[in-house]
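Presented sequentially are two complexes of subunit A, the first with subunit B as partner and the second with subunit C.
Moving on to the complex of A and B:
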């Protein structure tokens, strides 16, 4: 990008990003040390921390958070890598990629409720086999969901995270020249899985390290999924904190802030341990990776991952398929496998709302994601420039770690501090405020998704173009951006779906004056009415799925369509010329 | 003659003073009505039930056409979100033009707002419909919201009472006391549960159980820290220890709300559901969420009941409009509509005796759903314990069962 004042622009963007983060952090830190003027707390003390460490529930929640928050990313990564290794060279894998997008796009609360309905003791699985096989006239008293160890929560997290990781990996495959490596390796007699394990995964990991970190932070701090399918006695730390923040006893907020700070520290510690573990793992497996063996027993780990991964995907699709059925059901009782009475009423009732909600949702998502794409391109261009000039040798810009702060911080503690800033600016309840808060959460995902492909781009293409015809801006758009289309479209689709799924930021910035499909769906989810949730989820899924589908469909057809349009246009203009003659 | 003349003149002057007083109130009220014209009232109300949202929409349409006040519902999942928002605004020094003009609340949330000076008022006792139709002596909960004096800072909207639901197709005689409930659970493991505290219905279940089990009922009207909490509550924990062993999902998890309990009842995962909404069963049958064999009932010795209110935050920019809304919602028209089971079924706060004969006839004509109990069948209402008990019971419950 031929930017003139790249340094200044990135500086200003960085400042704009730092400001709300600092305010949000201060708004969480001060109450954690008992400084909170609106409650008449003016003296700094450690009382909230003492109170926090006295809570047995804090430790129980923390334990559960660690189990689910570390278990889910490990599983997701393993399954995603396995699936990728297994399917990458198969022709039908392109289609699986398209099938992934609904799972990525549908808000997690809806998926969790679908899973609940599939797996609970009165769920569809048990219904399918009752009473003819199981003999159950009534649901058994099993604990299959909301189990105390969070197994069902981990499953829900994996369903959400594995497709995301897979998606990000697929977007980066071209830049590590996977196909070429595989061809060479297979020509040398390596088995597919061994090749992935020894050659491709070690290359892939550094590129997708940050998406993995985001997945970890998400698992550790997720609220809506944990509310629906996680255990509640105790709940995960994020849910416990949310409850404390919302406690009518306002002084609980101080302890909750201390808890939010602890959760941030936990995230940092877990990420650090993850990196250390990875380094150790790399050292330990180095000898094995370079022993030249064409097959290995550990290949079976990937094979098992494939089976589990496919099983997880199947689970997700059945859960999703159940939601539309629910939205058309009037009576659907255990042990019926299908509704006994059908109706359009559920959808009819939701229709008038849909128009307003869709408008709000689309405006916020599209504007926020477009801005995020623009900012990401500017920042990445500066970064690329910096890495190629000798003066700033690979020194990461402050922006690189700053943008992760919003998504690494627990939303609830951070956003309360920010809300006060919005009120000062008189922006509370404003559409711009919602877009701004969404941007904070959309930007990191867009930036991350773009970063790998953008920095891996062979700059020679652009240089060559400029040598032939020195029109930097035109060439930047027509050569570089055009070549990065798949990554850009993927980034847009992910950013879009991230925006659609935002609940707390929308609620806090919009103050309920602007409802989106998600705030409405979560409000409905709280009532536990599966018909309503089914209807809402159906409606809510349409837009992101459409965008994901377009993101996959447009890039390969772009040139064809563009040329077709061009011919059409030139034909028309010729015809016009004839007419005018 | 002279005497009667004097008497007459005294009467006349008395009548005149009261007339002036009335004229003054109506003059003041006219002022409020004028101010309210064109205002938009952001009404923060729990939005988890469609029928209630529809009722609020109906009220909004009526208020718009009659008073030119725009009522917009901001649907909350938890009322404390609104309390927190007002607090955040106070923290930011936004003492006018607040984002909330009216909140639907009671109990803990009211106490938190009142204690932190987050409320506008007093206003409720000067609302025309309050003066005309509400009898403060008819129910303690009209002036004592969970033991916190109302002091005119919130206007009553409706009354609620705990009811239980069961399916007559699977159960012939439901358990009608806490002791029977435990025996039933022992005979049918996994079929009894209650919402998880601090969800308000879960906390209410604890209070109901405590009320029935403790030997020190008098202590419940005192602040929880002024009595020996352990002694008073010991029978409750002993009871729950036994109940959880034979409860739904072995007492490892609990439903999150009344709505989830009704879903579980429909799925036949559990045998008894509870709700704070006396017409819940009829409404859910009507919407196809429960089988038409479900019926409501109450415990033999009564169940806990309370009043819910509307309050105005101190920094609202539309206090006049908010008062107009609160006043309209207190009108016989709105209260009759609200008590209609297919609409909402929430109990009226108006005094039956203060209504005109025509209005009484309208109340009498309200149809009841097939699963809704009549006022007589609802039986005795047990008072809410002092509001400090909610927090104390929740904390102890989570300490014992959520770690």
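Moving on to the complex of A and C:
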């Protein structure tokens, strides 16, 4: 990109990235200390904190948050590592790898709704074994989903996070020379699992530390998933805070802000303890690594992880398969394993609503992602510029850490802080505001996806183009962007699926005036109209999968199709003059 | 006529080339030889205007007595051919050629020029083929014609034959020599293969023997 004033652009983008973060933090921090002019609170005090610490619900919620927020990442990491150690480089594992990106693309609310259909007392699992084994002819009185210990929430989190970690790990295999290490180690007589424990996992961990942190922060703060499948009364802290923030008694907002600040502190503390625990673990296992044993009992931990991991994946697929079944069911009485009558009526009836929700969802997702792609290109170009002109190469650029901040901060609290800004700007409830908040969460993922391919681009092609004809902007688009098409399409698909999944940003910026498939599906998940909820969750899953599929299918065929169209066109018009690129 | 006067090059205070002088007449090819790391490519970058900032150079370059080293890249009208043919992989062969033909020429004439180039290469049927469907030798030739179609005032060749099959090299060399003579512009070839230098039938300078 023939950018001028790269330094200025870097500065402006940096400010644009920092601005919402600062506003969101200040907008949470001040109310937490009872300073909240919109409510006429002008004095700083510790009252919200005292009120917070007097709430029994705060401690109960915090406990649940810690259980789910620490349990899920540990399980996800264990299962992902086990599956990788077991399947890496095996032919059938490639098929599982191919299934990872669709699971990643599907919004977690859709998966949670599918799990609800699968695991609830009247769900498919109980139906499958009823009445022939269980003897039930009506749903049992058990508590399976939304259990008070958060077990079902942990399962839902693991289903979402394990594939993500697996995906990230697979991408690092080349850089740690996994294949070569395995060959050398196996020649020395080591078992596969022992090699992973002693050689590969210790190398892998530092590279995937940041994705793990993202997973931990997500688990501790997730709202939509916890609303659908998590425990209630008490619920996890993020959900409790959401309820307080939305309380008609506006003074609850001050206490909720204090709660949001504590949630941020909890994230910091958990991440710090995680690192300390990892250091201890490394010290403890260091001696074991070089003791020369080729097998070990601890291999079984990984073996167990494989079984549980496969079971979890299976769960995810069954849950997803239940979405279309529910949306097409007419009569589906309890112990039947499948509907006795099928119909399109549910979808027909819900069509006007589904159309409106889809329209909102798609407008927000497409606009936010396109803007994110544009901004990412400018950011990466200034970064490339900085690394080629600076003498110190590979110095971490300001964007590389700033971009993670919105993902690591808890949405709850932070977004309510931003909401105050939206009110001041008179943008609350506006579609632009929704797009802006989505952009904040889409941008990091688009930027990170584009970064590798963009910076690895062979700049010689563009330089040669500029020598052949000096039209830098045209060449940038026709040569560089065109050659980066696969990466751009993938980045778009990822950004799109991130936007589709957003719950709180839509809810807070839209103030209920604009609903998307996600907000409506989450709101109705508890209502019990499974046919309608199933349709919404299905659409929620279908759009990202479709976009992902297109992003994989179009770029390799683009040039072939373009040339075929061109020859067709020039034959029809009997002229050989048309030459567009 | 391309002339370089009193060219010196140093990297981190270490002198690589000192006081180099030469002249190349139109239609002639001067070969510069020397071991790698001696600064051959940097000389080309100096002439094409894309020198990396950690290298320091002194000296002057003139094209037909007009100062070259003070001009910006876009005003230089330089053709550069590297080891990689750098054909754009997402454009057909004819699109690659058309890309280089100046935009002020009218459409029909541009197409004629591109078709003519394809005919010269003996691959008129490959107009709509993609670069990857051509052999390495064909790609190298297309790359040369593409560069020449952009009507450069002088041509720089940075080991353009080194990636080719030895069996192909002779043909491609002869093709390059013939085309440059027809285009009648000065050309500078950088290589470490004496065969390349001989085949260009011009002067040959060796670097790196004298200087320290």
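Everything that follows uses one rule, which is that the second predicted complex is superposed on the first by the 385 of 581 C-alpha atoms of A that agree within 3 Å, B and C clash if a C-alpha of one lies under 4 Å from a C-alpha of the other, contacts with A are read in each partner's own complex, and residues count from 1 in each chain.
To be clear about the criterion, a residue touches a chain if its C-beta (ideal position, glycine included) is under 8 Å from a C-beta of that chain, and two chains touch if they have at least 3 such contacts.
Worth saying up front: this structure is predicted, and the values here are computed from it rather than measured.
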First, second, both or neither for A:482, with subunit B first and subunit C second: second
Contacts of A:556 with subunit B and subunit C, given as first, second, both or neither: neither
Most subunit A residues touched (candidates subunit B, subunit C): B
Partner chain(s) touched by A:470 [first = subunit B, second = subunit C, both, neither]: second
Touching partner for A:460 - first (subunit B), second (subunit C), both, neither: second
First (subunit B), second (subunit C), both or neither touched by A:249: first
Partner chain in contact with A:428 - subunit B first, subunit C second, else both or neither: first
Partner chain in contact with A:334 - subunit B first, subunit C second, else both or neither: first
Residues of subunit C that touch subunit A when the two form their complex: 48, 50, 53-54, 73-74, 78-80, 82, 84, 86, 88-92, 94-95, 98-100, 102-103, 107-108, 110-111, 128, 130, 146-147, 150, 152
List of subunit B residues in touch with subunit A within their complex: 42, 44, 47-50, 72, 74-78, 80-81, 83-85, 87-94, 99, 107-109, 111-112, 116, 170, 189-191, 196, 198, 248-250, 252-257, 259-260, 262-264, 266-269, 288-289, 291, 391, 398-399, 401-403
Footprint of subunit C on subunit A - complex, ascending: 389, 391, 460-461, 463-471, 478-479, 482-483, 485, 558-559, 563, 566-567, 576-577, 579, 581
Partner subunit B, residues of subunit A touching it in the complex: 36-39, 56-57, 59-60, 121-122, 138-139, 141-143, 146-148, 227, 231-235, 243, 245-250, 253, 330-331, 333-334, 341, 343, 349, 416, 419-421, 423-424, 428-429, 507, 511-513, 515, 520, 522-524, 526-532
